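One structure follows; several queries about it will come next.
Chain naming follows the written order as A, B, C and D, and within any one chain the residues start at number 1.
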């Protein structure tokens, strides 16, 4: 019974992660300018990746595999935002202008 | 189920590649490379489970670190260039 | 169909190899040439690793209950080749930097022109 | 399913290769090269070559990209169009490619277990490793023990490359870190770098000493260790990184690594074995093998760290501001 619950939970997490990865990918393709695309990538980096990793952890059970997955998770939640932040900073620094909607409301 | 996830990851990698080809700025390409790095990590992790030998997650760990460090390095080098010549906008 | 699938890896490897080769011989920019060399090297790695794969096999780390492993010898050869490829790439790039210092350009055509003027 | 992933990844690699050739901006090409490396590294995982994947990711996607970028930053970004129409090269390339493809038709199919390459020494290695060497990772046992001579040669090649880069680029020590105006922008990066720097070094040691049991070994560990220092240099400036691990020390380390390797070989000769025959190193042959592999992996690791950092310092110390 417990196994079944864990399995179902892990499938839900994996599927959710996959959906968020897909949403992020579509955003990267479709958004109009660099700064908006950053948002899309952030979804992949944090929510998508996080959910997939949690799903895998539930599959792994209590073992070294889960510890390594936790470590990957830990690295990812720090590196993803830092990299995106550095990117935005560098782009601003190089005077890349954000796309602004200047139509009258 | 792992199959579904890995297909989704492959699609996302392909989309990231499209972004890397189209640009238009260098930062878009760096962004795409960073995203592909993340996706590769997930791909390796899922593949480990798919082939039934998930203990090779060390590779995924290395990928996380390397893709982070190389993104930062790219940005620092580009910042140095823009500081000196004003190039690198396109 | 099985012919196609059986040789697909090798064909892609050859296309990649030729892409790298073309970059090396046709592009005048020295950095681009080194990147072409890098593509060429990677295609050779993929060729070897494709040959090492055995259908239904797994990574050559011995474990109870697994009997088919992929070929470890080719993995060893490529592992060291990758490190050596970095060594050659680094040396090549260092040479490019020095050539740029001496000639003020990384374009092969311009370098030839300067050499002829001397 | 693995076939499908293999096919898709190879297709993506091919497209990336074409894009690299076509693109004119060299910075963009450098980014694509990094993506190309990552893709080929994941392909290696699909093809069961976990050790190779680890190495390719650390070297191809990490250090190679940084070196190419640094070179582009030191030279020029735009590539000029070739002066001649590339007709002759195109003909040569197509002819060579056609000949090679004709050659593949005689090759055994992908994944064929009866291919000649699997019939020679590889089965012996797989069969004998548990009894003779006692380490589960056959790649490590072949690399360090059965083919130890080769690896000694490779380490020497790395060492030579380090000397070559040193001779070509020299080095410039930075006594003081420039506290330029841009430094306040690095706060986030510095916090993260402080957090990660020890973890990366620890992980490199894990990869080094766990190489007998899982993917890993001296080459990979060396590169990861160097990556840790590169992160530190990126966040705190090259000057500060050189205070931790100065250039003189690196040059000594590069030589010491090779010497450790060769010394293990000579030690085993003195103990009555052949060159690099580890089983004489301890009373029990298997323990001796373990000890020998451990020592030479350590030597490889030390040389690789030193040479990677020599190369990195050599390239980056030429960039003007010296902030990284």
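By our rule, a residue touches a chain if its C-beta (ideal position, glycine included) is under 8 Å from a C-beta of that chain, and two chains touch if they have at least 3 such contacts.
Small disclaimer: the values here were computed from a predicted structure and weren't measured.
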Contact tally winner between B-C and B-D is B-D
For the pair subunit B and subunit D, the C-alpha centroid-to-centroid distance in angstrom is 19
Dist(centroid_CA(subunit A), centroid_CA(subunit C)) in Å evaluates to 32
Chain-centre distance (mean CA atoms) for subunit A and subunit B, in whole Å, is 12
Residues of subunit B that touch two or more other chains sit at 16, 30, 32, 51, 55-56, 58, 61, 65, 67-68, 72, 78-79, 88
Subunit C touches at least 2 other chains through residues 58-59, 61, 63
Touching at least 2 other chains, the residues of subunit A are 75, 79, 82, 86, 89, 93
So the complete set of touching chain pairs is A-B, A-D, B-C, B-D, C-D
Counting only contacts in the complex, subunit D reaches subunit A at residues 185, 188-189, 192, 195-196
Counting only contacts in the complex, subunit A reaches subunit D at residues 75, 78-79, 82, 85-86, 89, 93
As the complex stands, subunit D meets subunit B at residues 1-2, 4-5, 8-9, 12, 15-16, 19, 25, 27-28, 30-32, 34-35, 38-39, 41-42, 45-46, 50, 53-54, 57-58, 61-62, 65-66, 69-70, 72-73, 77, 182, 189, 196, 200, 203, 206-207, 210, 214-216, 220, 224, 227, 230-231, 234-235, 319-321, 323-324
Per the touch rule above, subunit D residues touching subunit C in the complex are 3, 6-7, 10-11, 13-14, 17-18, 20-21, 26, 29-30, 33, 36-37, 40, 43-44, 47-52, 55-56, 59-60, 63-64, 67-68, 70-72, 74-76, 79-80, 82-83, 86, 89-90, 92-94, 96-97, 100-101, 104-105, 107, 109-113, 115, 117-118, 120-122, 125-126, 129-130, 136-139, 142-143, 147, 150-151, 154, 157-158, 160-161, 164-165, 168-169, 213-215, 217, 219, 304, 307, 311, 314-315, 318
Given the complex, residues on subunit B that touch subunit A span 1-2, 4-5, 8-9, 11-12, 15-16, 18-19, 25, 27-28, 30-32, 34-35, 38-39, 41-42, 45-46, 49, 54-55, 57-58, 60-61, 64-65, 67-68, 71-72, 75, 78-79, 82, 88-89
